[in-house]
Amino acid sequence: MSSKVAVIMGSDSDFQTVLPAIKKLKDFGIEYTVKIISAHRSPDLATEFAKSASEKGYKVIIAAAGKAAHLAGFLAANTVLPVIGLPIKSSTMDGLDSLLSTVQMPSGIPVATVAINGAENAAILAAEILAVSDEQIAQELVDMKKQMRAAIDSKNEKIVTDLLENSL
Amino acid sequence: MSSKVAVIMGSDSDFQTVLPAIKKLKDFGIEYTVKIISAHRSPDLATEFAKSASEKGYKVIIAAAGKAAHLAGFLAANTVLPVIGLPIKSSTMDGLDSLLSTVQMPSGIPVATVAINGAENAAILAAEILAVSDEQIAQELVDMKKQMRAAIDSKNEKIVTDLLENSL
Amino acid sequence: MSSKVAVIMGSDSDFQTVLPAIKKLKDFGIEYTVKIISAHRSPDLATEFAKSASEKGYKVIIAAAGKAAHLAGFLAANTVLPVIGLPIKSSTMDGLDSLLSTVQMPSGIPVATVAINGAENAAILAAEILAVSDEQIAQELVDMKKQMRAAIDSKNEKIVTDLLENSL
Amino acid sequence: MSSKVAVIMGSDSDFQTVLPAIKKLKDFGIEYTVKIISAHRSPDLATEFAKSASEKGYKVIIAAAGKAAHLAGFLAANTVLPVIGLPIKSSTMDGLDSLLSTVQMPSGIPVATVAINGAENAAILAAEILAVSDEQIAQELVDMKKQMRAAIDSKNEKIVTDLLENSL
Amino acid sequence: MSSKVAVIMGSDSDFQTVLPAIKKLKDFGIEYTVKIISAHRSPDLATEFAKSASEKGYKVIIAAAGKAAHLAGFLAANTVLPVIGLPIKSSTMDGLDSLLSTVQMPSGIPVATVAINGAENAAILAAEILAVSDEQIAQELVDMKKQMRAAIDSKNEKIVTDLLENSL
Amino acid sequence: MSSKVAVIMGSDSDFQTVLPAIKKLKDFGIEYTVKIISAHRSPDLATEFAKSASEKGYKVIIAAAGKAAHLAGFLAANTVLPVIGLPIKSSTMDGLDSLLSTVQMPSGIPVATVAINGAENAAILAAEILAVSDEQIAQELVDMKKQMRAAIDSKNEKIVTDLLENSL
Amino acid sequence: MSSKVAVIMGSDSDFQTVLPAIKKLKDFGIEYTVKIISAHRSPDLATEFAKSASEKGYKVIIAAAGKAAHLAGFLAANTVLPVIGLPIKSSTMDGLDSLLSTVQMPSGIPVATVAINGAENAAILAAEILAVSDEQIAQELVDMKKQMRAAIDSKNEKIVTDLLENSL
Amino acid sequence: MSSKVAVIMGSDSDFQTVLPAIKKLKDFGIEYTVKIISAHRSPDLATEFAKSASEKGYKVIIAAAGKAAHLAGFLAANTVLPVIGLPIKSSTMDGLDSLLSTVQMPSGIPVATVAINGAENAAILAAEILAVSDEQIAQELVDMKKQMRAAIDSKNEKIVTDLLENSL
């Protein structure tokens, strides 16, 4: 069976920041492929990948890049698959350059942008998109929401009390 | 048949900015419903809508709001449907407040954010998400991409020459 | 006797940043309750809490959150108690996202926003609000102002001289 | 009976921007006084006003100013009454200077900051603060919230349909 | 003889903003070609153009685009000709998005970025680059510098006096 | 008698923005000279002016420029006279570029920066600097402060009442 | 003999950042006094100091503060001495809040603002202001400029060669 | 043979940040000269250097500076050689001040600006400019592009697999 989600990053230096997306997809049991493709250093590779992504069976693309982050928009220009843009914070500008380069796409070519360094959310959004036509993934998402609530209830029962006791 | 896309805006004053999204959905032949729901002035309505959106047959939600734009995140907190956030530029801060309030979601609850005032792209992204399991919409998107390219070719043949002749 | 101030934070990871607010309330002798409630991961809990806050005897709510910080606005949408928004600086955007998401509320639903990571000021503002109808707290605030002045006088008498001697 | 809310603006050129606050206070039936006091051009007046505000019967101060907006902080330094800061957008910097000058107060002296040009919210926040010990105002606020919800319901019934019919 | 400078713009709506660059090239007597090529709506055209630009005789490329302005970087990824990026201010973000998307290129693929809407400077920079191996253009640039100085001298002799007389 | 203040602007297009500085100097009875000198288009003129400014009898320089506003810093590099930088807002970036280019000077070469488009304050600051050794100007400044206070008192007596009557 | 320059800081936590200003004044042989005065925690002290500064013999005031940095403007409101504003970078906002709060003063009350954390420049600017009527300080400044130039010449003769040899 | 590229930095403290540019020029076999020239501390040196740069055989200038980074513009004002501006991030403002001061040049005097701290790209851009009339350097650039692509292919074959194996 082919992978459903392609996780593309502009550089292997982004790997640790992107890793939570990969782990989350694995948790959901969603097939994924990870590739390093730079819009600027390997434009042909980016074009080929994006043009053939749909027929290779990919359903959603996650594209992570920093600075003048063109990767997500570049891929979106060459496919009609939904492309999720994950702006990576680099060493200057606090991530603002990556965010604006990813989200401010001109009319005609959207990129579904998530928060700066928001790798986990990129994976959850991919899951939500797949869940539109996949009830099993939809159920995984419903369960995840319940667990998030349960974690908060549990913290209110115990952790807050402990934190206060240790701090005051 | 139920609507596939819900277009929610925080205020009727956003209507003209959101209108290109509605027109684009209509062009694609995608069923849609338009509602005014404020996360802050009608929180119960927002909760009810989001919680029941999936069972009512909606597949994607577009949420448009300005300033401290909580609407998309609020809806996303109450559904596992993909929520597209459309930040609306208001009279101060040049849209930066709307963008950051929409896109910088904490881990667990993604919002698929498009450009400030990027209504058309919100609709195209909705179409791309539906197209993952709807070949007809996928074909519409492929056709749209061809038309965008053709429009550019046509401009290079004629319009550029005219513009130059009239300007130099 | 019921608590007068509810200190709500979006995540237990914000605890250390919020702690000065809790300590200050304790110093003032104001009853408080600390809870972890996420607008996004526990929206029902947030709604329930805010809707019942007034009848449970709370007079003021302090809401601390980061990034697309919707917590304060979310609570304010569901209560007429004054809600103090405390924007928390997260790892990107230097706190600007948290600040704008908290303060730029649309007309109808104010949030009383204090400085980024300004936990102590959140507590003092809560005290000032309670002091409108509580002369004892008003006196505490008057005393605090006198102590702040006295601390500066004391520094000018001694510390400045010492600092200069050690540095030049 | 003395006024409960003082509405202070740094310049009469801010009057039109501040006016919605005055109208809203009038709607609530809350006594108010309007004054022009500049922290920079009339510092003694500002000091005198703030120091005597409490004994003159004021309960809350709204302070509106633009650019390097020191007015709210200046007043807060001289009173323990809650001071609501209303940042006014001026002709440069899109209001960011006014916002940061108002909200980023150092520890010890909070200012309850509302949105840039958010005059109406300044008044509502003042009402919320008074409502902590005034049930009639609390009821006004509850009613206002109901009306906001009703206005949205009414728009969904009629206006959205009209807007769509006229636009598509 | 082939054109030396290619002036590429992402949309014909940018034409008026780019026009000063075209006029300046004409003033210098430098051959140029104007094309509309969108990195996002016509990626293949952009790739083909950039890959063949050198052998077609172009020496410098000026690329003008707004918002998430990928055009200059896209072309630079496919040629070793110097690419001058001209960020165009669009209706939101005051040009900051265009600037950061153009200038913050990752290592390996530079874009020679000029000021937001700085069309004339894009042409002058193109002339400076050509002048490295073209003494006639170098002389044109030296003359232009002399004229700029002469214009200022002339203004100091006459215009300042007139302006002062008319204004005081 | 030689002029005491030189008012230098980078372009005659800045004249209207700089005019309030000239008028204020005239009000104070301070001798001034107005020149157009561009750091970039007439660098030699700028160097010559700055190097000879002190021996020509100037005591203070006001330098107004926009965008990458180097003028004030350029002059300061060539004189030990105090240089007041007046950042001019241009058509992009809301004045932030002019402000940062003027104020963020490296160690060794200060520029006394006033607000964006704050021409009147540039003149008042020049007067304050001259007043350090000129009692007559010092008295003018004391009088100006009294007038500012009187203007506010007058507004509180009459204008506020009128504004309220006309607006409510 | 009385001090000529008052160095005022809002908090003793700013001491290390302000220290280069003090050292530079000492180098110039200019008499100075250092005080801790907070506009917000000791407003009366600030008022008293500023009102009496001129008659106590001060000629220039340096005011250092961070966040919503009102200190320089506060002092300037109460004196006609030139006030140099030194914005201090605090833990959020990268110094932008301090800078805007200091420099964006309304018409009538200028603050001579230097770079964020630019303590040395604050002292040099104070010296330049005093030098308008003090030839000895003027000569010190001329000498400092020569030394800065000499230091650069010396680096070009030796240090650059060493750096290159050690790095390549 | 004379050097083709001058690498000028405003301070030796920028050396480590500029070093990748020097290394890259060395890799390309391009002759270069490194100098420390401050626009503000050594303006005459900067003027002399820029005015004589062309006749000394330089073809391109790289100018690196931080904060109110005037160096590149200063040099460009005194030469018609292409000047590449390299904005250096300093300790405040995250590089935004350096970027805007470098790129936002007024009409007539362009600076070819690269990314904040983008030293390597400054060198590659210099090579691209020289390559317009130097086929050997053009071939070096073509080879570099191939190596960048090959490096990515190699990473996809091996490194991604390793990273995933070690992380999941």
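The first chain written gets the first letter, and so on, giving A, B, C, D, E, F, G and H; residue counts start at 1 in each chain.
In the analysis below, a contact is a pair of C-beta atoms (placed from the backbone, for glycine too) under 8 Å apart; a residue touches a chain by one contact, two chains touch by 3 or more.
Just so it is clear, the structure is predicted and the values come from calculations on it, not from any experiment.
Any chain bridging chain B and chain E, meaning touching each of them, is among A; the list is complete. Counted as hops between touching chains, the shortest connection from chain C to chain E is 2. Superposition of chain D on chain E using C-alpha atoms only gives a rotation of 180 degrees, nearest 5.
In a homomeric contact, the two copies may use the same or different surfaces; for chain B and chain D, under half of the interface residue numbers are shared, pointing to different surfaces.
Taking the options B-D, B-C or E-H in turn, the interface that duplicates B-E in more than half of its contact pairs by residue number is B-D.
With centres taken as mean Cα positions, chain H sits 35 Å from chain F. In this assembly, the C-alpha centroid of chain F lies 19 Å from the C-alpha centroid of chain G. In chain G, the positions touching at least two other chains are 38, 41, 44, 67-68, 92-94, 96, 103-106, 108-109, 111, 115-116, 145, 148. Across the whole structure, chains are in contact as follows: A-B, A-C, A-E, A-H, B-C, B-D, B-E, C-D, C-G, D-F, D-G, E-F, E-H, F-G, F-H, G-H.
Of all residues in chain D, only 20, 54, 59-60, 80-82, 84, 99, 103-116, 118, 120-122, 124-125, 128-133, 138, 141-142, 144-145, 148 touch chain C in the complex they form.
Across the complex, chain H is touched by residues 12, 15, 19, 22-23, 26, 34-38, 41-42, 44-45, 67-68, 91-94 of chain A.
Within the complex formed with chain D, the residues of chain F that make contact are 89, 94-96, 115-117, 145, 148-149, 151-153, 155-156, 159-160, 163-164, 167-168.
Against chain E, the residues of chain A that register as touching in their complex are 10-11, 38-41, 43-44, 47, 66-68, 70, 73-74, 76-78, 92-93, 96-97, 100-106, 108-109, 111.
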